[in-house]
Amino acid sequence: MEQQPQASAIRRKIFALFSEETRDKGFPKYFNYFIMTLILVNVVTMILETVKVIYEPYHTYFHAFELFVIAVFTCEYIMRILTADLAFPCGNRLKSILKYMFSFYGLIDLLAILPFYMPFTKLDLRIVRTLRLLRFLRLFKITRYNNSMELIKSVMSEKRSELGVTCFVIIIVMIIASFLMFYAENAAQPDHFPNVLACIWWSIVTLTTVGYGDVFPVTGIGRFIGGVIAFLGIGLVALPTGIISAGFLEKLNEKNKEEKKESDTEKHDEHKCHKQYCPYCGHKLDE
Amino acid sequence: MEQQPQASAIRRKIFALFSEETRDKGFPKYFNYFIMTLILVNVVTMILETVKVIYEPYHTYFHAFELFVIAVFTCEYIMRILTADLAFPCGNRLKSILKYMFSFYGLIDLLAILPFYMPFTKLDLRIVRTLRLLRFLRLFKITRYNNSMELIKSVMSEKRSELGVTCFVIIIVMIIASFLMFYAENAAQPDHFPNVLACIWWSIVTLTTVGYGDVFPVTGIGRFIGGVIAFLGIGLVALPTGIISAGFLEKLNEKNKEEKKESDTEKHDEHKCHKQYCPYCGHKLDE
Amino acid sequence: MEQQPQASAIRRKIFALFSEETRDKGFPKYFNYFIMTLILVNVVTMILETVKVIYEPYHTYFHAFELFVIAVFTCEYIMRILTADLAFPCGNRLKSILKYMFSFYGLIDLLAILPFYMPFTKLDLRIVRTLRLLRFLRLFKITRYNNSMELIKSVMSEKRSELGVTCFVIIIVMIIASFLMFYAENAAQPDHFPNVLACIWWSIVTLTTVGYGDVFPVTGIGRFIGGVIAFLGIGLVALPTGIISAGFLEKLNEKNKEEKKESDTEKHDEHKCHKQYCPYCGHKLDE
Amino acid sequence: MEQQPQASAIRRKIFALFSEETRDKGFPKYFNYFIMTLILVNVVTMILETVKVIYEPYHTYFHAFELFVIAVFTCEYIMRILTADLAFPCGNRLKSILKYMFSFYGLIDLLAILPFYMPFTKLDLRIVRTLRLLRFLRLFKITRYNNSMELIKSVMSEKRSELGVTCFVIIIVMIIASFLMFYAENAAQPDHFPNVLACIWWSIVTLTTVGYGDVFPVTGIGRFIGGVIAFLGIGLVALPTGIISAGFLEKLNEKNKEEKKESDTEKHDEHKCHKQYCPYCGHKLDE
């Protein structure tokens, strides 16, 4: 029992690195800057690793940096587990640790380092390589510090239902258009429109107005359908934009209303101060 | 007359599958989930049927599933007709049935199963194949359950007139641009711009900013016209988006106004209750 | 002087075909429907005239229809000139005619028929052919009847200044991007980026997100500049859309304000009716 | 000390050319029109200089015009330095000059003429050529006179944070998409997707819906990822548009509020004037 407070003191110091109250000044600030820089640099090295002319002559450096990154991130993960009961206080320490491990950022932290330790378990290496992409989720950690994201998130979640309906309508339009296109173009371009799945690819590319130009209609009827779909693509942009615009303004109106209510309450209070005089006629009132 | 109430009891049970009040719980709920899943799976099989490498080895399974789907949908259609007088009550039963059959969803239900029964009538099979696309309208049935669509629908219908004018202006711009392009590019690229119809295809692809790259201007004057049209394409996105945004906010304002009116009425009522006291100074008033 | 009132009676009948008060019912209505249909059909024939496989076997029919259209539009133009003093009343008849002839629609009416009479004046025929495009301006006549366009027009004209500044900034960005692209890509692709003018074409195609794919950067630095320009293209859509959205909502707010003012005035009037009682305390007031 | 006021009189005359109070009428107005026209014409000549068929036969004229432009802009720059203490009054003249030289427009004015004087310093000429692009910054001078830009600027700067978060999310999505695409398409198209950097180029072209068509997925999984990214591209347009729309309307609401406040204050003042009469019942009040 004597040892506990001492360990707790060290653990408290470690927790200060992650706690929202303390991490913005002094050593915890520099520690967090270091972690974030490491994440960013690691993303850049991961991109450069795929460029052969850069990777091949310097692959030892890349490998060394990779080891360093994994070491730091593993340390960070262990430190977070050690201080989980401070971050997620709930009496039982094991419960706190599990709470952290299965929280959104806990899972990211784990998956960011896991692929490195996987090869020893004799798993197929290709799967590990794709799992490494999850390391990019580290990037989301940076947003953890960003409050502005909350507004966008709340607008998106409030307008979830309208955006969902828009998506649903778009998918129906897309499928119908794909079938029509298949019947219109299959005979003329069996290579480009071999089946409805290929037509769905064309539909997406056209509806989103990307228009790579790898597949496009050549028959009269196909071009007519294509033109209609392209115009619907404009609506595809207009509808969610209108919904999101309205969402941001609703948030604004709500804020204004609250402010007004507050100022009204203030006015009311003001009235109370001068309660002996009627605010309208200005003459003294009976208490 | 004795048999009627009994039949009616069975029919009422069937109607419970479709009635909005009962279909959200118990057996009707599972029945509707089953129908919706069947529609979805059927859409997927219809897409896969066009992929030769999938269809050819499994075409018997596809055919069996098709028969099963048609059987279920035919049963559903018959059940809906049998209970039409409960869904569309209007005294005369035949009138109720016709009302259902010619309602929007009644027509979809019929057209979804009709193509299958058509071959026996010795009609051209190609027409039947295109008619099968109408089966996709079944998908719209899912939206029948979705209330969020109403808001989008009402915004679109209220802004109908402005969106229509925008479309009209766009079509005029498109036709003028097509003629200008024809005179500018026909001499330089007789293959890509052989006539004004081909130029209209170019106009649509450019105005909607799809830009496949199958046809594009190469002469100086053609590129100038193309650039102007491309910029107008931006306006083509901006105008309907602005109109739809305003539509969503109008709906929001209307809702707010109604709420305010209600709260004002409440306030008024409150005043009435305390009519013997001035709402501002609080002292007793002379009646 | 005796003849004047009689002529005026005929002219008044002709004017009834064009006057806004009378043209919506009876014979003038059918006359206007006929003219509008003729304009529409004529646009279609002009498009089909450029399709060789359609034009060549039927060119006599096309020519006959052209003569008929010119005859009708010439008659209409003469009738409008004859009744100009009724449409533009200003004392002097010649002044009224000139006023009509140089009004927006007067010029369109003239230019729609002028190209046909031009060949006899021994002018270069190629110029006449391009002038024929002006006949499309006839289409704008249809909008003359459409009131919904006014809202869009007023929003566009009120936001003229902001939209203008946006255009200005876009043009500067476009020119700077074109120069940067010229220095970045000229050496690698002298055929696609031979000079800054060609780079401006690339800039427009990228900024408007059309992206034909006829010219695109291949060097690293060129792709970097291209990526930045493509992202600015998103802003190019976002800014005017935001401006136009705000414009539509301003119009809506103005309307709401006026309605509120009116209802406030009504309230005030109501108060006047009950002037003998204070609206707040309810006790009788001294006159 | 005697000479100072005389010099100051000349300098004051020069300063009148640049001062915001005086430059809108008389000689300063024409001087500013001349400078702006020169900037515009110079931009056009710089573009035409890169077109070989135009530049080569007339290069002496281009060179002469270049000398003239540099002479005028150098004069203007010297005049601005001479009158810097009037434009940036702060006691010390040298400090004023430095203030001007390091102001945004001061740097533009300098960089616009600097490349011409650089060759004499034996620097690498290629660097000078790219520096010449900075001359385009002159164009920004025109906006100096434009007040409408302020609204757009203030909206953009107020919504800086939300737009920044949107950019951040887009960049993360872009990088993840690039890695996924690399694993999906690298084996099938090693030429088009050789490394993640090339995939980032594809991501930008797709997310911004430009879609040149130089690189596009061909495998099933690649097309699926491509389709998702293309749909996210729609959101990429919708989000900033919604944010900017809301920004413009916030500005509008603020203006309306201020106006309302002012009118309320006026009402209040009115009340004060008639304080002896109740504003509601109109009868004389007790002081």
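Per-chain numbering from 1; labels A, B, C and D assigned in written order.
Everything that follows uses one rule, which is that contacts are C-beta pairs under 8 Å (C-beta built on N, C-alpha and C of every residue); 3 or more make two chains touch, one makes a residue touch a chain.
This one's a predicted model, so the numbers in the text were calculated from it and none came from an experiment.
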Moving step by step through touching chains, the smallest count that connects chain B to chain D is 1
For the two copies chain B and chain C, what is the rotation angle that overlays their Cα atoms, in steps of 5 degrees? 90
Over half shared numbers or under half: where do the identical copies chain A and chain D land at their interface, same or different? different
I'd like the Å distance between the centres of chain C and chain D, where a centre is the mean of that chain's Cα atoms. 31
For chain D, give me the residues that contact two or more of the other chains. 197, 200, 209-213, 237, 241-243, 245, 249, 280-281
Chain A-facing residues of chain D, complex: 161-162, 164-166, 168-169, 172, 175-176, 178-180, 182-183, 194-197, 200, 206, 209-213, 216, 220, 223, 226-227, 230-231, 233-235, 237-239, 241-243, 245-246, 249-250, 253, 275, 278-281, 285-286
What part of chain B is in contact with chain A in the complex they form? 43, 46-47, 50-52, 129-130, 133, 136, 139-140, 142-143, 146, 148-149, 151-152, 155, 197, 200-201, 204-205, 208-214, 236-237, 240-241, 243-245, 247-249, 252, 256, 280-283
Quick one: in the complex, what on chain C touches chain A? 209-213, 237, 241-242, 245, 280
